[in-house]
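Each chain gets a letter, A, B, C and D, in the order it is written, and its residues are counted from 1.
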Amino acid sequence: MTVRIAVAGASGYAGGELLRLLLGHPDVEIGALTAGGNAGTPLLAHQPHLLPLADRILGETTAENLAGHDVVFLALPHGHSAEIAARLGEDTLVIDCGADHRLTDEAAWTRWYGGAHAGSWPYGLPELPGQRDVLTTARRIAVPGCYPTVSSLALAPAIHLVEPEVTVVAVSGTSGAGKSLKPNLLGSEVMGSLSAYGVGGAHRHTPEITQNLSKVAGRDVKVSFTPVLAPLPRGILATCSATLTGDDDVRAVYEKAYADEPFVHLLPEGHWPTTGAVLGSNAVQLQVTVDPDLNRLVVVAAVDNLAKGTAGAAVQCMNLALGLPETTGLSTVGVAP
Amino acid sequence: MTVRIAVAGASGYAGGELLRLLLGHPDVEIGALTAGGNAGTPLLAHQPHLLPLADRILGETTAENLAGHDVVFLALPHGHSAEIAARLGEDTLVIDCGADHRLTDEAAWTRWYGGAHAGSWPYGLPELPGQRDVLTTARRIAVPGCYPTVSSLALAPAIHLVEPEVTVVAVSGTSGAGKSLKPNLLGSEVMGSLSAYGVGGAHRHTPEITQNLSKVAGRDVKVSFTPVLAPLPRGILATCSATLTGDDDVRAVYEKAYADEPFVHLLPEGHWPTTGAVLGSNAVQLQVTVDPDLNRLVVVAAVDNLAKGTAGAAVQCMNLALGLPETTGLSTVGVAP
Amino acid sequence: MTVRIAVAGASGYAGGELLRLLLGHPDVEIGALTAGGNAGTPLLAHQPHLLPLADRILGETTAENLAGHDVVFLALPHGHSAEIAARLGEDTLVIDCGADHRLTDEAAWTRWYGGAHAGSWPYGLPELPGQRDVLTTARRIAVPGCYPTVSSLALAPAIHLVEPEVTVVAVSGTSGAGKSLKPNLLGSEVMGSLSAYGVGGAHRHTPEITQNLSKVAGRDVKVSFTPVLAPLPRGILATCSATLTGDDDVRAVYEKAYADEPFVHLLPEGHWPTTGAVLGSNAVQLQVTVDPDLNRLVVVAAVDNLAKGTAGAAVQCMNLALGLPETTGLSTVGVAP
Amino acid sequence: MTVRIAVAGASGYAGGELLRLLLGHPDVEIGALTAGGNAGTPLLAHQPHLLPLADRILGETTAENLAGHDVVFLALPHGHSAEIAARLGEDTLVIDCGADHRLTDEAAWTRWYGGAHAGSWPYGLPELPGQRDVLTTARRIAVPGCYPTVSSLALAPAIHLVEPEVTVVAVSGTSGAGKSLKPNLLGSEVMGSLSAYGVGGAHRHTPEITQNLSKVAGRDVKVSFTPVLAPLPRGILATCSATLTGDDDVRAVYEKAYADEPFVHLLPEGHWPTTGAVLGSNAVQLQVTVDPDLNRLVVVAAVDNLAKGTAGAAVQCMNLALGLPETTGLSTVGVAP
């Protein structure tokens, strides 16, 4: 089987990572590549690492250009996916790397993003309880945000064992902010500096983490989420903690939860996750401990924000939805050092 | 007045930063420079940025070599300060950048460091309530650890307004680990990667933060502390949070607390601290907010771990103890970008 | 004596570095700060490291706003200095950090920059033979480009001992490119990558290096110049080489040339320059050797592009032109690590 | 066909990269992994990115442990390969990533490395004229050094068109120095700094570049080589130049030379190589130009020092020697940003 795919937003970081992964996928043929302002220019100008596609000229992101493919990946600014998706055939597998279809609660969408709520699609985090089955039959999939991916995987297995108020401080590389031409993202500003942003529940990934953990817990969970920007291109390291209500063997809980997951790895005791170890891979590395003085669960998780945090998850979801082996074209081997 | 100073541990990072600052201090004459294994080599081999001292040959770290100075700065591995200090005159101002004399509780010392407790010295964080006065008459001063400095300054003003359980996730540059030849501190390992260490209350700065906040609060405060290592040489960005017990105007509380402090700056609303802005300076930049969904105080603070986090604090304490203007030789201007 | 200064272009990197240095200059009072598009905003928004000036509101860069100061520093895009300078009093010391008045040859200006040639001003590199005297009476000074500074100082002492064709490959941090919002300057692009630009004599600093070396040599010197962009905010490391025509003791030549220079340091044999050692300082570190197989002189030089490479040189020139000690407000101590 | 391979030196950077690539090679089964001081420890402790091999315990690097494999990769400190290789069967394919068998001239070996010359093996740079054929029948292969690879590929096509004296300044990431515990390789020292080393013909890769270019040119070529260390883990960007003797269309020369090479890419005019674009890949990106003022050829080339610069070349050579398609298990797609 060869699947013909299109990527909308091919000049950005998510689009570039999708193409990097899809170039190594044995069952995929790469069709239309489209962009917004970069339409009409060759891919080489934006993705010099994708040599096999260097000469491809980017088309405009229109439903016409994206039609006629088995799978369409949308890597667009938020607010742009719904209209395009509505004009693609119902049997086309549409995988949205943007935020438009992640939140189920219209009020949450309005509060955090504003504008009309496009509705929600099946959520592309197969490692959440019951979610893999949902994805095997989906034809519309909302890929999770990078912070929600790592935070949800870090806390979901124990969310019923803790007080329903969790703290997440996640340090991220800069590619998560996209190729935006903002002064604070310039290399000169980023290198040698750390900064916080979206503090105090102001980051749009907060409601998504809340949604995931509340759904798994079966009750309202409150999330204190702070993202920190650090000088590296890729990678998120999340420190997640919550007060335990009992004295469960949390390590055993995590071992059981992820025993059969191909991409989520609980490290042996004494080893701690690093983002360098998962760079370019679809792996999530976890370690858990309990602070004895506070009886507080602390989980540290590392992920590549562009891979498992975005494009890798998208390919994983494509595999599931197409009935391919879930790991096809994906790796658990990072590029280090 | 010219003060004659000596630095023990002059080949390390704390020693180098002390010398950098002291070279710009108008009232200081730099005397003996000593080291352990590097004794007998020129300073240039270890501190190529200190050109005016390039030809100085490092002496052995002995009480004899350090005697005869007005001020002796100790920048030694923990466990080495007490013996040296005991052999220096009582009227010599001894400022210990190491951990030996920070903890007041012998049990805490034994649990976290092991070995004999050397006793505690006046704690060199003048911004804590009542602490400045203590330092003006001190002849032995324990400089705080870098994480305790930033965490304590971030939380002290509001510690009586929150539940006595706080969470600190502090991201640090690598110089905090010193010039240790460990594989995980190699540039190839550090760059492009984030890692956690000392998770779950396992870092030795935990009892020091706990001691500071409990003392200010007048009751036991529990601290969940996680340090994260990021790819930059200098800087700590700490995200500190705790659940508020009331609806106080926390911004006003912080404004009042630090109104007269020369080095602690609450940024205007809408501006967030970055470590790049305080690089090389003695400034601490703070911002505070309240997450409305959890009524949780979130404070973000940035500091240069080698400056205000270590050597700058040491010079500030020297100024206080010698009756010099507190800010002499110190700056609030960072080196950026 | 207190000198009242103004800075045009205060929101950029050169402007910020000027202010950082001038805040530590004992004889300076900081007057008007102006900008282009950023006029009307507080300095804090652009230079968060300059806390003592945080509340200053940037004015428009006009001759009116800059008038009435003893010294006006221009840190403007090229082509903007001449008109402003013409409207400032002849007794005002105007120091241009831009390129407008560096090239003496109109044809060179036209070829490399285009547009009208504004004429040339006394060239602000006092370490070149005879140049210090010129600057003591100047009221208009053209600060050298960063690459020409380091390359000229590296090669000038031996330029009469080599074939008149030199090779310079200079690796630079990103701040040399200014705060330009270009995709290739984004942190995500810069970190973890090296790139060349302006190769094959295409960089505008080529004619300036050529002008300097030819003037010192007293004959035409040809320069093969390649700049490389590396992932650090500040610093240039230049590798400069040329074939020796004889067997002179080049080390002795350099020792003699720079024996009395306060900022240029020939390192002892066996030590090689690093940019980290000069960060934030006005120092230039040099090392020289001869490749025996080619009888080729190789000089490696390190400089902070924003300090001695731009703003430090500007302050040094101001000191000279005002009759102040040349080193006032400047340091040879870097901020490391 | 499944090839059983062993890796000696599996805990180092070259060994780790070999394993990363071999894990993705469809025809390879990974056998013995050995080490020196790290023997007896699990691979996870040294290569946390190689999750599928995490539990493997490293054996001692002995001929016994390496025997019984079809291919043995040696990634050892120099001087250690010859003895091991002599004890492996003649039909075993032995691929040495170290320097021991690269130099054909015993005098050069003695001058640059010292000790007994182990003799030379077929040189593993198939893109050099005639070299691919040599490798298809080889059972002992010397993988080139990283700098010689990029420099030789940059200059070989035009080496008969230039004066026989070339200049190479190559900027490298830190992994080229290996996992050595040296102070100057610590993250704190490396980040934010540039340094030169092995200047003036003092680097051991100089004779190897000289050997390659002289062989291709058919006459003695002299090489001025300077390596520069920059703050990134991986990547070399080499700027190579030489004076043209005529007015040949050098672009056409390079186009022709590399038209059929799967891994060497001459970029379209106007695009310049970046190391980020080749990270993790076996690609070499080149651009050529002529400086009109000096009639000097300038070639800029980018390579991943661990991939095409070491381990990728080793796998490429293995493919050739085993009769596999040369590109099996290798990619021209980099991991960016």
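Quick note on the criterion: contacts are C-beta pairs under 8 Å (C-beta built on N, C-alpha and C of every residue); 3 or more make two chains touch, one makes a residue touch a chain.
Chain identities (UniProt): A, B, C, D = N-acetyl-gamma-glutamyl-phosphate reductase.
Note that the structure is predicted; figures quoted are calculated from it, not measured.
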Exercise for review: Tell me which chains count as touching both subunit A and subunit C.
Suggested key: B, D
Practice item. Taking CA centroids for every chain, report which one is farthest away from subunit A. Key: C
Review point. What is the size of the turn, to the nearest 5°, that moves the C-alpha atoms of subunit C onto the matching ones in subunit D?
Key: 180
Revision key, fill the gap. Expressed in whole Å, how far the mean CA point of subunit A lies from that of subunit B is 37
Practice item. Please report how many Å separate the Cα centroid of subunit B from that of subunit D, as a whole number. Key: 44
Review point. When you check subunit B against every other chain, which residues touch at least two of them?
Key: 13, 173, 175, 188-189, 191-192, 231-234, 274, 276-277, 279, 336-337
Practice item. In the complex, go through subunit C and note every residue touching subunit A. Key: 13, 46, 173-175, 177, 179, 181-183, 185-192, 231-233
Check your understanding: Which bits of subunit C are touching subunit B when the two form their complex?
Key -> 13, 16, 20, 23-24, 44-45, 47-52, 54, 175, 191-192, 233-234, 265, 267-268, 271, 274, 276-281, 283, 285, 331-337
Point to revise | Contact set on subunit B toward subunit A in their complex | key: 165, 167, 169, 171, 173, 188-189, 191-197, 199-202, 206, 222-224, 226, 228, 230-237, 239, 241, 243, 272-277, 279, 287, 289-294, 296, 298, 300, 302, 336-337
